[in-house]
Structure formats: structure tokens, C-alpha cells
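Two complexes are shown next, each including chain A; its partner changes from chain B in the first to chain C in the second.
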Partner chain A sequence: MRPLPPKAMLARYAVLLPVLVLVQLPLVWMIVTALKAPGYGLVLRFIPGPGETWFEDATGAAKNMYTLGNFRNVLFDADFPFWRFATNSALVAGGCALMTVALCATAGYGFAKKQFPGRDRLFALLIAAMLVPGLIYMVPQYAIVLKFGWINTWAAMIVPHTANIFGLFLLRQHIRSLPDSLIEAAKVDGAHEISIFGRVILPLSVPVMVTLFLLTFVGQWSNFLWQLIVNTPDSKLITLPVGLSYFQGQYSVQWERMMAGACFSIIPVAVLFLVAQRFFIAGLTAGSVKE
Partner chain B sequence: MRSSGVGRWSGPLSERKRRGCPDQRECRRQPPCAPVWQAALAGLVRVLSCAGFLLVAGALAAAPPARLTLWQGFKFSEVPMLRRNVDEFVAEYRQRTGREVVIEIGQVPFSDMVKRLKSAALARQMPDMAIIDANSMVQLAFGGVALPLDTLPNFPAASIDELRARYVPGAFDTNVITFKGERHLYGLPAQTTTLALFWNKGMFRAKAKELREAGLDPERAPRDWDEVVRYGKVLTEPSKNLYGFGMNNSFWFSMPFYNQYGVEIVRRNEAGLLEAAFRGPRAEAAVNRRVGLYREHGIEGGAWREGALDPDQGFLNQRYAMILVGPWQIENFRSSGLDFGVALVPRVPLAEAKALGLVPPDADENSTAVHALSASNIGGQNIMVSTSSKHPDIALEFALHFTSEKVQRAWAEELGQIPILLAAQQNLKLDKFPEVPVFIEQINLAKPLPALPYGGVLETEIVNPEMNLVLQGRQTAAQALERICAQIERRVLKPVNDAEMAARAEIRAKTPSGN
Partner chain C sequence: MPNQPRRTRRLTADALWGYIFIAPFVVVAAVFLVFPIGYSFYLSLRETTLYSSWYNQFSDMVWMGAGNYVSLLTSKVFWYSLLATFLYAALLIPLSLAASLSLALVLNNQRLPGYQALRSAFFLPHVFDVFVVGIIWLLLFNSTSGPFASLFEALGITWFKVHGFLDNPVTVLPSIAFAMVLKGMGFGMVLFIVALHNIPESIFEAADIDGASPAQKLFRVTIPLLRPMILFLVVTSLMGVLNGFTEFYAMTRATGGPSVSFLGETVQAGRVSGLHLYRLFDESFYGHAAAMSFILLVIALLITAVNFKLLGDRSQ
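Showing the complex of A and B:
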């Protein structure tokens, strides 16, 4: 690709810079609030005024506007088991994402490459179910979980979210775009169904599966309401979003601590995206061009 | 015949001696008189008794402790104090009864407590006790989740009203609910709170000269709403985004106006059914007073508008010189270095109060009736016992312990809370919390929201939208109140009255005719 002339480059950055600021503002605001001393979270000043210092000084004569104490409190407060919450969130999000990918890949292969009576109608029915808002399913799902005696269990936290129609659609569309000749060639070579799926379809679907994994992981990492209701308060399986909401009191919110917790909570997701971004972009564009 | 045999073989040794059995061998041949048999039997009985006693004692000692769960949504800074209270109760209960109790504390996000309790009730996993928003109590009572405490055998008073005399009346009343024709106490106040006037001393001082010229004292807060207007006009500078007053449009935050003007939201009619009463000259005067601060006098900063700085943030950033807020913001304001004071909510001006018949015609500024005009609202949390608790008696004892004078004093002196027990309000050491005495004075003048289910609907779907239109000048107070009453009747009271009627019909059907 030819490099752009300097003026065009300048114009491009002039457009992109405000967009960048707009996109990054919430993130920066979160970090700044997390760094503010208690009481300053909602103060719309960022530079210390008279009688204030930036950080704690040894004399303690002036009020410090910023502190690292919120991060320390979140990580090491005995009443806020951050590490347990984070581990639970990782297990729920990871487990759910893995199971979703496994289910959607097999189902997607079936819907894309297998012939069975009513296939397209069943698929259309499943797609139509996406029109129903997810919250509608909450009560029946809760009733089922209750019936199974799954309250306060990993099963309740993970299993109901593994049936992901969007994921099925994503993988079905991708697998459909794979040439049938590949499958036929594998069959000529003597491959049976499991081999075809494992050695032909899956390797070619890695970017889409990674994308689905990431999307599911992010969705479940930040899932609040479901994880709140399937765990009683004495449960050891409380997740991070539920834990962070403990900073919300009856009339007031400890914004500084809550934002410090939120800063930590985005780290795993950010790392995952950084590691898997090339798959993610490839996965989103995969299937966009039909054979 | 076992019974006669036992009778023959029984009898103490002294009795046999009295009957005269000198020959021991003879006695051995005659079991009833034989001392060896007697001794053996007595020994056996003793051994069996001891074994029985040991078994019973062992069983008692090995009995599992009574386990109770308590769900709460306190702030992290308050949880250690709650744990201390639980430990104290457990030790005191063990000492008093010899019985072990374990109370497990579960943390629930405050805003999700009611939602969480409802799903727990469905799952039959209710805690024994929960500390919940005072204004949500009625939902749980109507839903059959909260246990009427006055039906328990260890209820500590002869009547609900006798117990009420010990507590902050407004806070206590949030637990007293009439349902199906019966009035019961469904919980005890655990924490109470109310609104008071916060004023920015720095902003007042910055305008000291102008305030003095207007005949106002810059070193004190206004005492009535006319004074608020006069102070506000001096302090307001729209070009600099500075306003004398900031207030949102929430029903709960507006309750001080309605309480001060003696407005009833609902009342019971002669048939004992609820009807909307949120109308009439007093209600209109209350709405006009609140709305007039923005529309007529321009001293309220429009904090109720979408996207505007809310009152707390506006006060913190020195844009609003006065706001109504509760003690929960004291720590925040103080930490940010704000120079502020706390005063009673400004009351209805005396002349207006007399014209509306709120005080006797001869009342003066110092009279009790006028002082009582500074009525604020009630918030906070109540402790309830669930209907599914296996140990409701112990749960009630814990609730009483939590509301005891000793515990309430500690919460006030160490955490700056308002004691809910009147006895605990006396002689407090509040050096660390100089604002709390004002809140104590204010809370005793406060009144709760009407005890209605669908409180959320009442606030967010009925009252707030209509009042928003009044604030925007798109309808009058009278129009808004009529529309609110119609909606309250239809959406809130009808289901309650229908349930009441159904319950009465059920009671009538069960009652034998002629009674």
C-alpha cells in the first residue's frame, strides 16, 4: 500500500484524534476516579487546589487529591475477597466460553454440511428465538436451575449460557463457506465423520471459534444479574461483577473503590484481546464471502 | 403380672428392717426382703439413671447449634461493627440459655436485596433475617415473606404501640403494616436516616456582604422556605453556574415538602379501604413551594433535569450552595475538604402555615407546633425475620439486641449513625460527628412514606413523571395531583383493595354464621 501524502495523513489524524479521545474518555475517567482519594471521586477538578497535594505527603498537613490506596484496598481488604471473586469469574467465563464453542462448532457443522429433514426450518426457528430479549428467559431458566437443585453450583452459573444461537449462526455461516470439495476429498482419503470434523473443519474454523470464545468470555465475565440470583450471599462462588456491586450502599456509592475494582476487572479481557486480536479480526470477517 | 411383681420387689431397706427380717439367709430366700437384691436393684437403677442422665446431657451437649443466616447490604466500613454485634449476641445468648447459636452473615448488594430475597423465596432459600430498605418492607410483608414479630411468644411488649414508644416513631412506623384487616409489626428499624439541609459555608461567606445588605446572616442557614428564597436570590449567579439551591425530582426527596404541609398520600375510608388523598390546597401549596424554587424564583439549579449536575455532585463542586441530603454524604463532603454546615430542613413560613391551618392561629416562632413543621422524610433499613426461619424466636432476640441501647450507642459514637432507639439518643459522645445531633433532632420530626406495595411504581412511574411536567411548566400542580391520584387508585390501590376484600370474604366464609 502506498503511503499517504503528509496532508492526507494529517487530515486522517485530525479526524481520528477526537474519535480516539471520545472512545478512550470513559476508560481514562475510570482510571482517574480510581486514583482519586476518598471523597474526590465526584469532584470535577483534576489539579489540586490550595491546601491540597497530589499524593499523600509525610506531614499529612494537606489533603491529597490522589492515592493508590483504593487499589490496595480492593486487592487486600479482608472483607472484599477480590482474588476469589476474580478466580470465580475466570472459571465461569472460561468454562462457559469453552462449552459454547464446542456446542456451537458441532451444531454449526451439522446445520452447515449435513442434510436432515427440517434442517432449514429448525435453523430459522432458532434464529427467530434471537428476537426474544434474553431477560425473558431468565425466569424459566431460574425455575429449571431451581428444579435441578443447582443453586450455588458451577452448573447453574455455566450451563444455561452455553446454548448460544448467535454463536451457532456465526459458526454455521463460516462452515458453510468452506468448500464441500474439502470434505469430499477427506472422505475419498478414508476419513470418517469425526476425522472430517476434527481434522478439516475445526482447523479451518479457528479464527471464528476464537472470536466466539472471546465474545462469550467477555459476556460472561461481566454477567451480573444471572450470577447474582443463582448464588446465595453465603456462596463461595460469587463473581467479580457481583462483588463490585458491594461498593454500592443504600444512598451512596464508593466510586473510587468501585473504579479501582473495575480497573482490575478489565485486565483479563484486555490481555485476551491483545493475545487473540489477529484471530478476532479474521474471525469477524470469516464467512462474509460465500464460496 | 409385671406391675404387682414390681410392687413386691420394691421397697427401701429401712422399710424391710422396720418390718423385721433378722435372718439374712431367710431374707435371701425371700427376694422382697433380700438386701442383696435390693442393693443390686438400687445399684442398677442408679447406673441406669446415671447412664440416662449422661445420655441426655451428652445429647444436649452434642446438639448442633441453632444456625441462622443474616443477609445485609451494609457498607464495608459498617460490616466489622455488625460482626462485633453478632459475636456479642452469640456469647450473651450462650451465657443466658446454655445454647449455641451461629449467625452467618451474607453480603448482598444493597440495590439488589429485594430482588435477591424474592428469588430466594421462590427457591425456598430464604435467610432467617435480612436487613432491607425501610421502604421495601411492605412488599415483603404483602408477599408473605416477612414474619409478623408481634405474633411471636417472646415479643417484648404488650402491644405494638408500647414497643413503638421506645423507637424513633417514623422509623418504627415503616414496619407497621395493615394487611388483610390485621395490623402487625413486620420488623424493627435497624438503621434510620433522613434528609437535612446542607449549606456551603464558603459560598455563604463569599457573599457575606450582599447577604448582610439583604438583612441576612451569612453565618447561619435559612430556617424557612421564604428565607431560602431570600438567601438563594443573593447566592444565585446563573452566568457562573452558581445556584442557591439544588434538588432532584424524586418523590422520596420531595417528601419533606409534603410532610411539612400535612399532605396525606393515601388514607383509609370508612369501609377501611385505601383511597388516594394526594390533592387539595395543602398538596397544591407543597408542590408549588417546591416547583416555585425553580420556576418562580430561579434559585434552584435545575438539578432534576436529565444531564444536569445532581444535587450531591453540584454541592461537592460548589455549584449549589444548599441541598437536602442525608448523613451518608457527610464523610464524602468532609474528605473532599468542603466547608459545610448541617441544619434542619427549612419549614413552612409561619404565616403560610397559619393560613393553611397547619399550626394554631396563636402559634409563634418558638412554639412546638412550628418546630414540628420542619418534618423530613424517613429512610434507612429494617431488620426482618423471614416466615421460613426455623428459629424466629432467636432471630427476634438478635433484632432486639441489634436495636438495643448499647449497640445503637456504639453505632452512633463510632460510625456517626442516628440511633433508632430513643434512649440511645441521650448523652452521646459525638465529637467525631458534630452533624449527627441535627440529624437526631430531624429524625424525630420525620414521617415515613405511605406503607404501600408497588413503591417503585408510585415513585418512578406515577409521581416523578407528573412532577417533571409541573417543573417544566407543562401542567399545573392541581392537574398533576389529579392525574397522580387517578393513577394511584388504578395502579396501586386497586390491587391492594381487591386483595383486602378477598381476604375479608375469605374470613367471612370461614366464620360460622351467627357469630
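Showing the complex of A and C:
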């Protein structure tokens, strides 16, 4: 395809550039603040002035403006267990994503390819539940989790989110589009129900499952409210966003260190997105396209 | 499916396997998605007592009848929270639709070198943690060291240097909306690009032959054809606003923001419905919180109903 004439091209870049700067500003600001030496987080200057250096010099005569110390603190300081928070976040997000994919794939297959009484009515009921805003579940789900004795457990943090109706819809639509003849052929070869699912359906659904895994992972990685309420402040299972919020509340905020902690939340997700973007886009657009 | 032969009522092996495959999902959905709706209504008719132990607070609740609903509907803070929510939606949704559509129109052009990288760059913040992004905006909106207050000062507007962005009741919600538009505009852009691709090229060619100007093509052809997508985005954004909690919690440092007087009652300017619900919950007014949830559910269902009606009208 022939590129645009230079004038039209420049006009478009001129419009896009300021917007792009604004959109990327939080990311850049976070990284720059995380790199600043203690006390410089709330200083609107980026170039060392008189008596200041960029990084620590051997003589120690001048004050350094930038440091990697905040990241060191975040990773190794026992008072602020960010490393544990990040591990907890990864386990919650990963566990939730795996369970969601497992539940949605099995149920998606059941709803797509099996005939049983009440199937379509049940599916319609589940789809209708998608209209309920998630915040409405806070009180009753909390009450249920409390009754189960699940406060401060992995179960409370993971299980309530695993029946993902959007995910069920996504997989059911996909599996429905797979030809029945594949299943019939496997049956003729004497394959068991479980192996039809495992050897025929699952391998053909990998891209959709990857999409659902990634969307769930990223969503749960940033789930704040639920993880805040099902853990008491002394819980060992506090996740990264909740940990950051306690950090912000408890201490007079050390912004440089706080932003170093924030980098551990944002940068893995950014990398994950850039590596796997076609899966993300596939999932997000699937939600908007009507049958 | 009317034209399929009616199946026998006897359970076939196939049907049995169907139940086995859906069972795990259905059990979890029944416990955590379907049952809670009814349970929530039950809780909304009761309230916790002061003398209950923490562990039994839900079993020890006492009957209130419609009391929680009455107490909410006569509370000024409740009405403020709804007003603030819709005010916020009225700021956020038109702005983010305009921004997403403009981006989509510019980046839909595959003759623009680097269009793919630009699309990714605009989409990227959508996947970031809302809480963390909110905290970063506390820094960006800081009145002494943030870039925006200084930028306005350089332009001769010192008001923000004095009053801040998130620290005064007038600009707290618009500032949060601004931050969220920037975070979410890439998502709308991707959906608009998909929708633009589905418009047949011949329609634009026909408009060209009729001598339509670019503005006419945009307002008379493109936007009307994007109507279903615009409606979809309006409804999902409204639901997003009704579900909104974390961005307000983060950007008001969990307080709800600066105080403002509403009909003689002092209330935090950023106390949208989600934050109000959380406060009721946090203060252990579980019955009130459940009643508030139910009112929000009714609002959400009304929005969906209106949406279906609008979409239905189009197809006639």
C-alpha cells in the first residue's frame, strides 16, 4: 500500500503525538519517580543542579538525584514485603486464570455439543447473570465466604471469580463452531468421552483458552476491592495492590519507594500485553461482536 | 431450536456426560453468582446488631423489613452519591467516546506508517492495574510537584497551584474522569476500528460520488453506521461507572475526597455510588449495603432495558 503524502502524514502525527504523551505519562512518571533518590520524588526537576550528580559517585561529595536503591529496598527490605505481595498476586491471578479456563472449557463443551434437558434455559439464565454489575456481589459473596470460614485463604481469593460467564460464552461459541464430524470420527475410533474432550476439543481451543487465561490473569492481577475485603490486614496472602494501599496508608508516603513497588505491578503486565497482544485483542473484540 | 426432533425424556449417556461437563461451572456459578442475588435481597431486609461477634454477624442480623431502603432513600448522602455517579458518567462517557472515535478514525488508516505500534501504545494503559494508575495520578495531580499544576501556572493560571486538582470539590471528579479517559480510550479505539472495518467500502464510494464533504461523510455516514457500537460502549461504560470503586478509592486516598455541603449535609465530593456502598459495607451496615446493591442492580437493569429498546428501534 502506498503511504500517505508527507503533509497528511505529518498532520496526523502532530495530532497523535500530544495525546500519546498524555496516555503514556503515568507509565513514564512512575518509572522516573522510582529511579529518583529519596526526597526527590516530589521535586519537579529531572536534571541535576549545582551540588548534585546523576548517580552516586565514589567521592560522595555531591548529592545524587537518581538511584536503583528503591528497587533494592522493595525487593529486600523485610519491613515492606513487596516481594511476597507480588508472589501472592501472581499465585492468585494464575490460579484464578487456570481454574477459570478449566471450568469454562468443560462447561463450554457441555453447552456446545451435548444434548440434555434444560440446556438452553440454563445457558440463558447464566447469560442473564452477566447483566448484574459485579459490585452487587460484594456483600453476599463476602457473607458466603465468611460462613465457609474462608477469610484469609486462597479459596476466598480465587474461587468466587472462576465461574466466568463471559469466558463460558467465549468457549461455548468457539466449540460450537467446531465440526461435529470430528467428534463422530473419534467416537467411531472408540474414543472415550474424556479423551474426546482432551484430545479433540482442547487442542482445537488453545487460542481461545490462551485469550481467556490472559484476560483473567490481568483482571485478577489488578483486582483490588475483593482482595482487600477477604483478607485482614495481618493476612499472609495480601496481594500487591492491597499491599501498596496499606503502604500508602501506614507510613508517611515515600513516593520513590512506592513507585518502585508500582513498577512491579505495571511492568510485568505491560510486557505480557506486548508479547501476547493478539490474544488480548481477540478476547476484547469477541465481547462486542453480536452473533 | 424448534425444527429439531423432540428428544425422549429418558436420560441418554450423552446427556449424562453433558451434566458432568457443566457441573463444576454450574456449581460455582450457583453458589457465587445466582444464589447471592436472592441472598442479597434477603440481607437487604435485615441489619447487623452491635452485639454480634464478628464471625456470626450475618447469622445474627435482625429483621428490618423495608427499613434499610427507607433509610437510604431519605439519606442525602445516598442521593449525592447517585448524583455524583451520573455527573461523573456525563463527563467520562462523551469525552471517552469522542477520544476513542477520533483515535480510531486516524489510526484506521493503514497508509500511516507505524499505525500498528501506535494502536498498541494507545491500548496499553487499558490493561494496567487501576489502583496503581490512580496512585500515580496522585503524583501527577500534586499541586506542588505535579506537571499539570506547573503547566497551568506557566500558562498564567495559578488556581491549580493553590487549590490542586484532587483536593478541591469542583475539580476532583473531572480530574478522575480525565485520568480514566486516558487509560481507557485505547479500548474504545480498538472496538471502533473493528466496527469501521465492517462498514462496506462501497458506502463511502457512493458518498464520494454524491460529492459529500469529509465532515458530511463523518456525520451523515460513518457515525450513524457506528450507532450499535456507540450504544454498546455507552452501556458498558455506564456499567463500568456503576461498578467504579478502585479509581475513586485510590485518587481520593480512600477518603472520598474533599468535603462539600449538599442540601445542608457534609459529604465527600468524590463519594460516588461504589464508594458509598463500600463505606456502608466497611462500617458493617451490611443490610444497608445490600439494599444499596439492590438499588444499583435496578438502575443497571433499567439501563440495559433502555439499551435493548434503542437497539430494537434501529432494526425496524
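Miscellaneous remarks
Throughout what follows, the second predicted complex is superposed on the first by the 206 of 291 C-alpha atoms of A that agree within 3 Å, B and C clash if a C-alpha of one lies under 4 Å from a C-alpha of the other, contacts with A are read in each partner's own complex, and residues count from 1 in each chain.
We take it that a contact is a pair of C-beta atoms (placed from the backbone, for glycine too) under 8 Å apart; a residue touches a chain by one contact, two chains touch by 3 or more.
Quick caveat, the model's predicted, so the values are computed rather than measured.
After superposition on the shared chain, chain A has more residues touched by C, the comparison being chain B against chain C. In the superposition on chain A, contact of A:229 is made with both chain B and chain C. Shared-chain residue A:80: touches chain B; no touch with chain C. Of the two partner chains placed around the shared chain by superposition, chain C is the only one that A:114 touches, whereas chain B remains out of contact.
By the document's definition of touching, both partners, chain B and chain C, reach A:245. In the superposed model, A:254 makes contact with chain B only, not with chain C. Of the two partner chains, neither chain B nor chain C is touched by A:71. Judged by the touch definition given at the top, the superposed model places A:160 against chain C, while chain B stays out of reach.
In the superposition on chain A, A:217 contacts neither chain B nor chain C. Contact with chain C, but none with chain B, is seen for A:129 once the two complexes are overlaid on the shared chain. Applying the stated touch rule to the two superposed structures, the overlap between the chain B and chain C interfaces on chain A comprises residues 42-44, 142-143, 146, 229, 245, 248-249. Per the touch definition, chain A reaches chain B in the complex via residues 37-40, 42-45, 51-52, 63, 77, 79-80, 142-143, 146, 151, 228-229, 232-234, 242, 245-252, 254. The residues of chain C lying in touch with chain A in their complex are 1, 7, 9, 11-12, 14-22, 24-26, 28-29, 31-37, 39-40, 43, 55, 57-58, 99, 103, 106-107, 109-113, 118, 120-125, 127-133, 135-137, 139-140, 142, 144-147, 150, 179, 182-183, 185-187, 190-191, 194, 228-229, 232, 239, 242-243, 245-246, 249-250, 253-254, 274, 277-278, 281, 286, 289-290, 293-294, 296-297, 300-301, 304. Of all residues in chain B, those touching chain A in their complex are 69, 71, 73-76, 79-80, 104, 106-112, 115-116, 119-120, 122-123, 125, 127, 133, 193, 312-313, 316-317, 326, 328-329, 331-337, 379-381. Within the complex, the chain A residues that touch chain C are 1-4, 9, 12, 15-16, 19-20, 22-27, 29-30, 33, 41-44, 102-104, 106-107, 109-111, 114-117, 119-120, 122, 125-126, 129, 131-144, 146-147, 159-160, 162-163, 165, 168, 193, 197, 218, 221-222, 224-225, 229, 240-241, 244-245, 248-249, 255, 258-259, 262, 265-266, 269-270, 272-274, 277, 280-281, 284-285, 288-290.
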